[in-house]
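First the structure, then my questions, so here it is.
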Amino acid sequence: MKLRWDTAVGVLLVAVFVTGLGTTDGFASRDNLAFAFNDIAEVALMALPMTLLVVAGQVDLSVASMLGLSSALTGELWDQGWAFETIVPLVLLVGVAGGLLNGWLVTRVGLPSLAVTIGTLALYRGLASVVLGSNAITDFPETYAKWAVDTTTVPGTFLTYPVALFIVLALVAAVVLHSTRLGRSLFAIGAQEDAAYFAGIRVKRIKLLLFVVAGLVSAFAGVVFTLRYGSARADNGQGFEMLVIAAVLLGGVDFDGGKGTLFGAVAGVLLIGVLKNLLTLNDVANEVQVIVTGLLLVASVLAPRMIATVSAWRQRRAAAPTS
Amino acid sequence: MTVTVDKPAPAPDTERSARSLVDAVFRAREISIAGALVLLVLFTWVAEPRFLNDQGVKDLALNAAILVLLAVGQSVVVITRNIDLSVGSVVGLSAFACGKFVSGTDHGVLTVLLLGVVVGGACGLVSGSLVSFGRVPALVVTLGMLYIIQGLDYWWAQGEQINAADVPQPVLDLGSGSVLGIPYLPLISATVLAGTAYFLRTYRSGRELYAIGSSPEAARLAGVPIRRRVLGAYLFSGAVSGFAGALWLARFGTVVADNAHGWELTVVSAVVVGGVAIVGGTGTVWGAALGALLLTTIGSALAVLKVDSFWADAIAGALLLAAISVDRIVNVRMTRALRKRSAR
Amino acid sequence: GGTTKKDTDNSGPAKSDAKADPDAPLKKGLKLAFLPKQINNPYLKILDTSGIGAAREFGGKGKEVGPSDASASSQVSYINTLVQQRQDAILIAANDPNAVCGPLKQAMKKNIKVVAYDSDTAPACRQVFINQAGSEEIGRSQVKHLAKQLDYKGEIAILSATQNATNQNTWIGFMKDELKKPAYKNMKLVKTVYGDDDDQKSFQETQGLLKAYPGLKGIISPTTVGIAAAARYISDSSYKGKVVLNGLGTPNQMRKYVKDGTVEQFALWDPRKLGYLGSYAAAALASGQITGAEGEKFKAGKLGEYTIGKQGEVILGPPTVFDKSNIDKYHF
Amino acid sequence: MSQTVPVLALKGVNKSFGAVRALRDVSLELLAGEAHALAGENGAGKSTLIKALAGVHRPDSGEVLLDGRPVVFHGPADARDVGIAVIYQEPTLFPDLSIAENIFMGRQPRRPLRRIDHKAVRAQVAGLMARLGVDLDPDRPARGLSIADQQIVEIAKALSFDARVLIMDEPTAALTGSETARLFSVVEALRAEGAAVLFISHRLEEIFELCQRVTTLRDGRWVASEPLAGLTQDDLVRRMVGRDLEELYPKQRTRVGETALSVRRLTREGVFRDVSFDVRRGEIVALAGLVGAGRSEVAQAVFGVDRADAGEVRVGGTVLRPGSPTAAMDAGLALVPEDRRQRGLVMEMSIERNIGLTGLDRLGRAGMVKRALERGRASDWAVRLRLKYGSLGDHVAVLSGGNQQKVVLAKWLATDPAVLIVDEPTRGIDVGTKAEVHRLLSSLAADGLAVLMISSDLPEVLGMADRVLVMHEGRMVAEIPRAEATEESVMAAATGLGAKGRAA
């Protein structure tokens, strides 16, 4: 039986969860779970388009900066007295524009996405601080803020609204990736772009679309983040890009493209979230948590490798006497 | 059954002009970056002459010295189609380790530098072994190492700070002193840079690094000891980062656990701006060093031009994008020109 | 139409229905949690260690938890955890006065006492704020000191921590106000830069300042990381002796620069006392001695009695000015 | 001569990849001064065998003998160091490095202090190029070399050290007559100097021309080792296939219908110019020319993967939007590209997904993909093309070269095209399959498909085409009807000597 890494992460997630239930006071409480999942909502949301991108052999390092820009814009416009109902669509539009710029540079100018998005990582974060400077805007309307915080849950569950939204979007993303034309094309582009192009797949258009979706989702995550903390700042979500990528890679999505499952990526995000919550509850120092994250990442690539090596070795040993 | 007919050879002069064009394309990146750098410096200098006074030049060189070192180390790894995201953490760990080691003692400069190299080399060895022997993707492993080393560093430091007052004077002098008016740090970086460049061009193992990055499969079939070379590249990158950590201590005197936190992306930016292809196989350390110099100079220039610091990031990002886009467009144009010219 | 800023009304300071019982004894076995801006901040480390020591004095248990990056969002997850762990009091040095507000209010609802120290939260989100010194006094006195050193003329600049640090911004506000007075008509604040409490960033910001403003005569850096970095740069550059540096720093960090003449003087309160005071304030709150209302008094161990001021503020006392003559008496 | 100890030999070698047993108890002896052929169908295990000889694969059991003594190669470097030069089936170049560096990687001549002697490298490469009679600039990067030029660099690499054993896996698949002849004369010379040669080719006439002995493999098993003298091509085919071969060029007569593809004044600066031609339904039109004449580029521009600078392409009367393969496919065009590893297939993807890739819109509704339909399409075509595979879920990378080519064909035939452009459709395909492919093309044409076939295999061109178009240096120089097409007439046009037939 071949053990797939994404399954392994799923099993690990369940194991950690069960351990938490058994050993840690307060872990299983409705409040805590609502909080723990809500706490990674933005990272989780951004992990969805990131998974699609990485499968297609691309990466977007600018997602967290776009989150920051969106947060800063939301804050500044709100402060200037705009209506929240106008701000949100506008900010989402900015997300689309940012995605277009990334996608345009990658598909039209022909630059590698890693290089492009390192650039826009600085650019979007910079624009965020141009927009908002050192200010922090705080007085967001309760009517909207309540949808983002962990104290409001979907009736009858411990799911907060951002988490519920994530679940819906994750299902959509899973269907797209694994059972649609687009999904098949993504795998082909990621594994062998030339061959995909020669097979009539609209490689550039699809890549552009992915970056736009990533921009859009990141901008939306920016709004959620702003409402959740009730604070719009230029440095919101700084460094989240690494966390998003770590989660996706942890779920067994291959950075070289062409391989991976959405289930794995989601399991990766949740594992990081649950583990963080559990360790913090047990007063495990932050630096140890950082180390654990690192070890998990290394294990995520090393373990499948070792399993394969061991099973190949066993097979060879089993085959040897017959010849 | 086969028919023997000679293929007509193309006229030699078109071939030669095609060749020089090829050369030009490959050198275009270094030239365009050097050009951008000169323009930037001139512009800033005209706007604010103090930018290039004694202190100004010294500051520019000192600021770039450490990033140049890191970019040199990183390029060697990137050339082999790998990446080392743990550099920032390694610098942090090494700087703190060196600080802790010298604090309140009178250890000599050489001992400190050696310690830095050893600490960094050890980190490089771990990353390198995982990548080369574990045959796992470099990005994931080094991202993991970034976290692991950083965590260890924090865990060790527990919020402790090493102050300049505790660091022996000779070590601090290394960071601020100079010979013949040239500060030590840039001198050291330039030496490492030149040595690495020479090695990459004139030694088999250096060329093999390019071969691995250009096509790992072909390298395997050509009998290149891939694992050993990749391990070597990481070891070098780690050792250089560790060395940079020791220099960091010398330059800033004050060290905490999170020095150089988040520098990995800056270093990778410098390397990419400098024309080392992220997919390996091409680029030079000279280019990477120019890239590093350009990035730090942008920062210094913006400050001197009194550009609001809020704008600094945005402008740096935009310039980075402009640099790689222009380079790419020029490259494509020249390739097309090459195609039309070399029409057989 | 739509929801705009005008429709919202942010509520005032934290109200408390509970009655204070000044004679209640300090409870035993209180669980106090210190949540610094970032666990690797050396200055806050001193503070927290001393606070945890104080807790031991009155039979409580203190611990320090926190993120490794100084961002508001990472503090929030710690607050939640502390609530789940049912701590008796949370002491927080806020990275952002508002982002931590929601969770802190949740905590107070669950009868967990909240004390802000070093850097305040919005007043509604904590019961007591332990202020190092009166913000006004810190702000104004730094301008006064520098002005005296500069003979009341020349361009000056400020090197601050992060752009959102509450305490920094309050102080800077008072500095600007002080500078409006006619006595300083020959002095000009040309620029405020932010070193993000990052040594290297502060170092380069100083360098940029000096290059961009050739006429610069003085720098105030009201943050310990900033002043040390600035001193380090100036001591090795041609600006040494030409630019006056003043601000807030720890004696250990600054000793070298005071001795080599880069810096004449700087100020700071004793962070150990600050942590100690915070610890006692939290215990007093948790034991019901005080509720955070103006005018209430409590005893802070060997520091003696303190009174709660306006908006729940408790002031530690005036900062100490360090210079060549006294610096060797202090080691922190 | 045959009594001497073999220079290099395999004895009882077994090699499996997972469930696939690529070699079973295979033995082989290479003698000094002798050219030894290795024959077998696609997937018979030829490439695997030479990889075992070259130290790329370690045999699961059995041994490799060097001068009669068992050796273990831990990697290609070990084999190289004892004087074994290998040209692999797929060119293995470093695209970013110069031709000179490609040839000498890891073996550069050195100056004192172990520094590379760049001047000596260049000089030696120039010598090699002269010996091969080609004109390639040693300093240009390998990227962008045509497949033929890449193969030449591989050959130069193998020649660059005085090998005792020269192993060549289908070196001529991408070469035209002149280059092949040049290669053979070089190999002859080496053999005369006492080198042992192992040669693989699916072109049987080449085997007879070059080699003295032949070893045949079938399904990973050793069938025979024997002298070629006295053997006929049919004998050899019978050994390989295990049965008698049907006709190699089963050309059916078809009714030629209306114009399906019409290309007018197509130009791409620096590559080809002013190319015009028509292909009608039911017709197989061959596009012949020397390597580098620009045939593949024309095909790519027609299909839209390259953008033409001028000219137009009509399929079934409608003008194609330039630069859009999707539009070309919608109009009923299909292109089987020449570089199957880069462009024809997604190597890391399963067989069924590769075949499904060209028809994603037909595998379900509303953008969805039904796995059952995907698998059905794949298994359908796998049967029709007699694909040899383990499971349709296997990566195409594990298939033998010929079987990979079948997957590319399947993927395009499954789109049910009106015009099929095939670029070197039988390159690297064994004789049996070749006949199958030809029959397939023939019957498709008979059903009304318009076929444009680019081929460097002259017998194939002559055997299959209704009309032969000939390109020379980027221009269409001749159009020769089947009746007049002979080796001489086509080659004359291709080399630019007195264009026969009417100019197109």
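Descriptive notes on the structure:
We just call them A, B, C and D in the order they show up, numbering each chain from 1.
To be clear about the criterion, a residue touches a chain if its C-beta (ideal position, glycine included) is under 8 Å from a C-beta of that chain, and two chains touch if they have at least 3 such contacts.
This one's a predicted model, so the numbers in the text were calculated from it and none came from an experiment.
Path length between chain B and chain C in the touching-chain graph (shortest route): 1.
The chain with its CA mean position farthest from that of chain D is C. Per-chain Cα centroids separate chain C from chain D by 74 Å. Chain centres here are Cα averages; for chain B and chain D they lie 42 Å apart.
With centres defined as mean CA coordinates, chain C is found 35 Å away from chain A. The mean-CA centres of chain A and chain B are about 29 angstrom from one another, to the nearest whole unit. With touch defined as above, residues shared between interfaces to two or more other chains in chain A number as follows: 129, 133-134, 234, 239, 285-287, 290.
Shared interface positions of chain D, defined as residues touching 2 or more other chains, are absent. The set of chain B residues that touch two or more partner chains comprises 150, 154, 277. Chain pairs that touch one another: A-B, A-C, A-D, B-C, B-D.
In the complex of the two chains, the chain C residues touching chain B come out as 39-42, 44-45, 68, 191, 193-194, 198-200, 203-205, 207-209, 211-214, 228-229, 232, 236-239, 252-253, 255-257.
Of all residues in chain A, those touching chain D in their complex are 179-185, 187-188, 191-192, 194-202, 258-259, 315-316, 319-320, 323.
Those residues of chain D whose C-beta lies close enough to touch chain B in the complex are 54, 56, 75-81, 86, 88, 92-97, 101, 105-106, 108, 110, 114-116, 118, 133-135, 137, 139-141, 177-182, 205-206, 209, 269-271, 290-292, 458-459, 473-474, 487, 491, 494-496.
By the touch rule above, chain D contacts chain A in their complex via residues 14, 16, 18, 60-61, 305, 325-326, 328-329, 335, 337, 342-349, 353, 356-358, 360-361, 363-364, 367-369, 371, 411. Listing the residues of chain B that touch chain C in their complex gives 48, 50-51, 54-56, 59, 63, 150, 154, 157-161, 163-165, 175-176, 252-261, 299-300, 302-306, 309.
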